[in-house]
Amino acid sequence: MKREVPLFITFFVGTLLIASVFIPPAESWGENFSVYFDIIAVFAFFLGGGNLLRIHLQKVASKRPDWGYSIVTLVAFLVMLAAGLFKLGNPGGISGNLTTAQSWFQILFQNIMSPLGSTMYALLAFFVASASYRAFRAKNRDATILLVAAFIILLGRTPFGTMLTSWIPPQYDLLQVPNLAIWIMSGPNLAGQRAIMIGIGLGIVSMSLRILLGIERTYLGDDR
Amino acid sequence: MKRILLTTTFLLLLMGVASAQADSAAPSPPAPPTGVKAVDKPNDHGHAVNISWDMSPDDGKGANSVVTYDVFRWIPAYMDSVAQIRAGLSGIRDTINILDRANRKWSVLEEHLTGDSAKLANDSVVAAQRIPQLRADLKRFRQVLASAVERLPEAHKTYPENGSWRRVGTVPAGQGKYSNVGSKEYEEPDYLPDFSDFYYRVDAVGVVSTTRSSSEVSAPVHSSGQWFNTGRTTVLVFVLAFGFLTVLFVRKARAGHDLYVRPLAGIDAVDDAIGRATEMGRPILYLLGAGTAADIATIASFTILARVSKKVAEYQTTLIVPCYDPIVMSIAQDIVKTGYSDAGRPDAYKEDMVFFITQSQFAYVAAVNGIMIRDLPATNLYMGKFYAESLIFAETGALAGSIQIAGTDEVAQLPFFVVACDYTLIGEELFAASAYLGREPLLLGTLKAQDYAKAAVLLLAIVGLLAVNVGHEANVEWLMKFKELFKVID
Amino acid sequence: MKRSTYIVMAVMALLFAVSWYFKAATYHGNVMSPLVAGFMITLAAFLTLAIISFVYQDNPFYKFAEHLFVGISAAFWMCQSFWSTIVGNLIPRISTGLSKYFGQPYRDEPWNFVYWLPVILGILLLLRLSSKIGWVSRWALAFIVGTTAGLSFIRYLRSDFMEQISSTMVPLLAAGNSGESLLSNITLSATGPFVAMLTNWVIFLGVICGIVYFFFSKEHTGLFGRASRVGIWILMITFGAAFGYTVMGRITLLVGRLTFLYKDWLGLIS
Amino acid sequence: MTEALVVTGTNLGVVISLALIAGGVIWLLVRSLKGKEVERRVIFGFVLIAVSAPILFPITFHEQISPVVKAVFDKIESLPAGSTVAISFDFDPAMAPEVQPMANAFTRHCFAKGHKVVFLSIWATGQSLLTSTLDTVVRREFPEKRERIDWVNLGYKAGNQGVLNVIVSDLRKMYPTDVNAVPLDSIPMLAEVKAFRDLSLILAVGGGFPGPKEWVLYVGDPGNVPIAAGAAAVTAPQLYPYYPRQLIGILGGIKSAAEYESAMVDKYPQFDSVDKPGLRMMGPQTLAHMVIMMFIIIGNIVFFRSKRMRSQL
């Protein structure tokens, strides 16, 4: 019971969905199952939210290092949850639109969550620079190829790229850096992407099959 | 009175002259399209018809006067009475919704209101008492509609009596086909009944919509659903072939054939990295990525986590698994717990090893960054779906001096992992990793099947390429079409 | 805490107050009261700075911003999915009373009872909190994983696998769009027919070698090994090029945040 | 080579920030010769300055025009004054930051050369963006140009490539009137223009469907009209197969827009004072790219120096 039923459910649901692709009346099943999936995922939020509360309450209770910050998390979580679930400050009441401009939910989103998120994203500008410095070194042949390709593309995006190679006559203008950059993107880059994608496609198909056939069952939490 | 009469006469005259002028000024209509054919739309669940025609001689050439084609279908008058029943039905539905809404709004406010508003509120609440009655009506209407719809094929048989031509679509000049797709739900206004005789006609229309000419009427056609989508036969062939290969090699593996697999640097590094963490006495950070359980990459990551947690338990190192998705967290908890009990140390498993952070991409990044800098893990493993956060993780990890091993099938993020991490499992290698780590013959058998599929790809690509090139050079139509076999038709 | 920490804290608090005052005094909109508006923009600016400060080193301001962000965002997504999935998609199909309460029109459709399936599975999932019958939660997980496997199987077979193979089959001798004779015009002109053909060859051979690299059960030696080497080079070019190409977008993100600080907060530029 | 360093904008902030970056890089280069690694925070500081400086002070770099862009510029230059040119706005607000600068630059260039311009759109979302160009460029900078004599706005027509298919041979069939319902026959500048094949040049600005590709297939090829494209960076590579035979030139992404703006200023110094969003947006990009490239170079010098030092030990 404990092992066989889940394996059967997986096999049955998966095979059903594969078959539905070939049967026009069942074509929309895939979408429907995705909706069921979303609904189950919302139930899982109880688990997630419960876990979050538990971890931070424990931290506060046992006064572990940085426990004060856990209070920040707890308060922020509960305030936002209340603002969203009870639609606090929403002129439309409980049936109003969740993201109405004056509602607490939207104000907190606009002024706290949104700037924090986009700043975190913007840190990438710094990390792109440090990664370039640290990792683009001609240590061996593979690394050199990586470095040269990146450098050509970068150069092609600055006025220097055009300057340095504009003397090359039109018959050989593939060698001008901006053209070379475009060529790398549309030639070798495309080939590489495609090879990776074919591999991924196969890998996923094979992995799905392993799951359906019950060969791969670690997700059930027993590795035997 | 007389003046009015005079004015009217004058105006009428003027209009007559104007219309006569318009008539004489109107350009001659374009030649009609010919050969209108209507067929049931293939590979669908019915309720749709494909119409095609030979374009008018005046389309793009000749007088070049076609602007659009109007597609007409003959519709029996009975269809209108069905539509009326349907309109009644949706009218009742709307009324119920309105009363419902008003009632809810007012009943909340009722006790706080005075004067006119109170009366209004009271009215709404009283009106709402009719809702059950309306629901009964709705039910009755549904039955009437259902039986009315059943007679539609019958009504179509009366062609050309008791009906009229209605425009069902318009396409710009230069095109010779149109799909008349209706709804399969008979409560929708655009419902198209199956198994009814449909007649189609196409008009070529000039700049002024009155300059038009009609084609012959097409032969009657039925729309109907099919049980198999022939457009996807190639896909089915691939599914069966791949399934066959996998089962074959799994059986072979079961029979005890030894299967070779080449070493993968990223996989070998995993064990070393766990050892290193033990020596340094620092924890191991394992990220399952920003994917959900709906991503195969995440499931592949579970199998690697199973292996890692068992090793970690054996070496008595600490494991940190911050999660992005609650379902993923649940599964990961089970896996780590099993890993510890497999290693014979169930007591060493702690509930807070695997925990949930948030389902917001950059908040997750912010928190994981904090963990990396404060707990200084010796090894960071990134396996699964990663998006823009990949480089932020990898750089922060490098700053904290951790050994980093990544694996993802997100093509756009692979460059960042390859550049910033010590080892990277590229795409397919991530899915192969579970088979590698487990060293189970069954899993290795599926790898072999995968390789055969790849060999088939190479072969197909070369054959296809030859076919396309030979076809292109020699102008052989069917050879050039070879690649169409792989095109995915919807 | 050290004394210097307190001094830094006090200075930041003072700066915050000053900014609050000035932003409130110069607020011209009428969406909210100037005091609230001044506070909000100051808060947004300080949080932005707190996150950026992480690249220097971990510090209390970053920790504060991080923990605030986690709390707010966790609740944000829970509320979002509650309203869109449960109230928007589930309730209108299973309960007239609840849909009335939430102001959703009830959707009376024949197959509605199917929607009880995810509800039951969701409840099974929650049962994992019980140690006794926790194992039934695996049924829900099995459903989820089965759905994933079934959907991914077909989707990737079609889009990543078959589509990509078909686009690799391109004419290798034809001269592209320009239709000029190939042999009469062997130049390295970026738009010439020779380069167009060269590109097609590179793509074809690149894909073949790339796939060879991914073979697991054959030793990479001899000709096979050489093809696999070329495959790695192609992959390296791909990664290098894609990295270089993305830099521009990443910088634009920082431009956006700095513009917020300089323009909306400090008013240094107009 | 020196031309690349031509930086416009001469205030103290520009000089200081550029000196800071240049001096810093030289200092790091010298250090790197001794095999010393650069600390990560120093890199971050450089990035911060490189991105901030052009936002705070108007630093723009002179972009040398690349051949694909130059082809468009030269074409507009070489047409005799008074030629009729069409500019089509086939994009939406999301794409606008990248391609609207191109449309604006084309508009300025055509008016500066004394061409007559037909504005239109085959994207429903293009209409409002077209109006914004008319308001901010045409009416403000060229008040002397009169509507319907020097330019005309045909507005948006639904029908995607169907529209193109018709207007290539008969403009009045699709557009009996302009956007203000004035019949085309009473518009002086269109007296000679019966169809789009009578135009001297079509500038198709956009990147989705329908876009420059459809202009080539339905108007350029059948009508034998020269077409130039302005496209978003992501879609530009798909247009290269049509260059140079079917498309006389292509502007791809903000960098090409900046190149065009640079070329405009070189030829017509009076445009130096107008807003040049292409060049403005390229400022932080260029500076940051240069800083990153310098760091790649420094990183490699450090690597090779320290390798040699280690082998000497």
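Structural remarks
Order as written gives the chain letters A, B, C and D; numbering starts at 1 within each chain.
Basically, contacts are C-beta pairs under 8 Å (C-beta built on N, C-alpha and C of every residue); 3 or more make two chains touch, one makes a residue touch a chain.
As the structure is a computational prediction, the values presented were derived from the model and not from experiment.
Set against the Cα centre of chain D, the chain with the most distant centre is B.
Just to note, of A-C and A-B, the chains joined by more C-beta pairs in contact are A-C.
For this pair, chain A with chain C, the centres built from the Cα atoms lie 4 Å apart.
Mean C-alpha positions place chain A and chain B at a centre distance of 18 Å.
Note on chain placement: the centre of chain C and the centre of chain D lie 29 Å apart, centres being C-alpha means. Rounded to whole angstrom units, the spacing between the C-alpha centres of chain A and chain D is 32.
Among all residues of chain A, those that touch two or more other chains are 18, 21, 34, 37, 40-41, 44-49, 52, 66, 95, 113, 116-118, 120-121, 123-126, 128, 130, 132, 134, 136, 146-147, 150-151, 154, 157, 170, 173, 176, 182, 185-186, 193, 196-200, 202, 204-205, 207-209, 211, 219-221. Looking at chain D, one finds that residues 40, 44, 47, 51, 240, 285, 288-289, 292 touch two or more other chains.
Residue positions 51, 54-55, 63, 65-66, 69-70, 72-74, 76-78, 101, 103, 125, 128, 141, 144-145, 147-149, 151-154, 156-157, 159, 161, 165, 168, 204, 207, 211, 214, 235, 238-240, 242-243, 246-248, 251, 254 of chain C are each in touch with at least two other chains. Considering their complex, residues 125-126, 128-130, 132-134, 136-139, 147, 150-151, 154-155, 157-160, 162-164, 166, 170, 173, 176, 178, 182, 185-186 of chain A touch chain D. Residue ranges of chain B in contact with chain D, taken from their complex: 60, 64-65, 67-68, 171-175, 207, 399.
Contact residues of chain A toward chain B in the complex are 18, 21-25, 27, 34, 37, 40-41, 44-49, 51-52, 55, 58, 66, 93, 95, 113, 116-118, 120-121, 123-124, 127-128, 130-132, 134-136, 146, 193, 196-200, 202-211, 213, 215-216, 218-223.
Contact residues on chain D toward chain A in their complex (touch as defined above): 1, 3-4, 38, 40, 43-44, 46-48, 51, 61-67, 237, 240, 255, 285-286, 288-293, 295-296, 298-300, 303-304.
On the chain C side of its complex with chain B, the touching residues are 51, 54, 58, 62-63, 65-66, 69-70, 72-74, 76-78, 100-101, 103, 105, 125, 128, 137, 141, 144-145, 147-149, 151-154, 156-159, 161-163, 165-166, 168-174, 204, 207-208, 211-212, 214-220, 235, 238-240, 242-243, 246.
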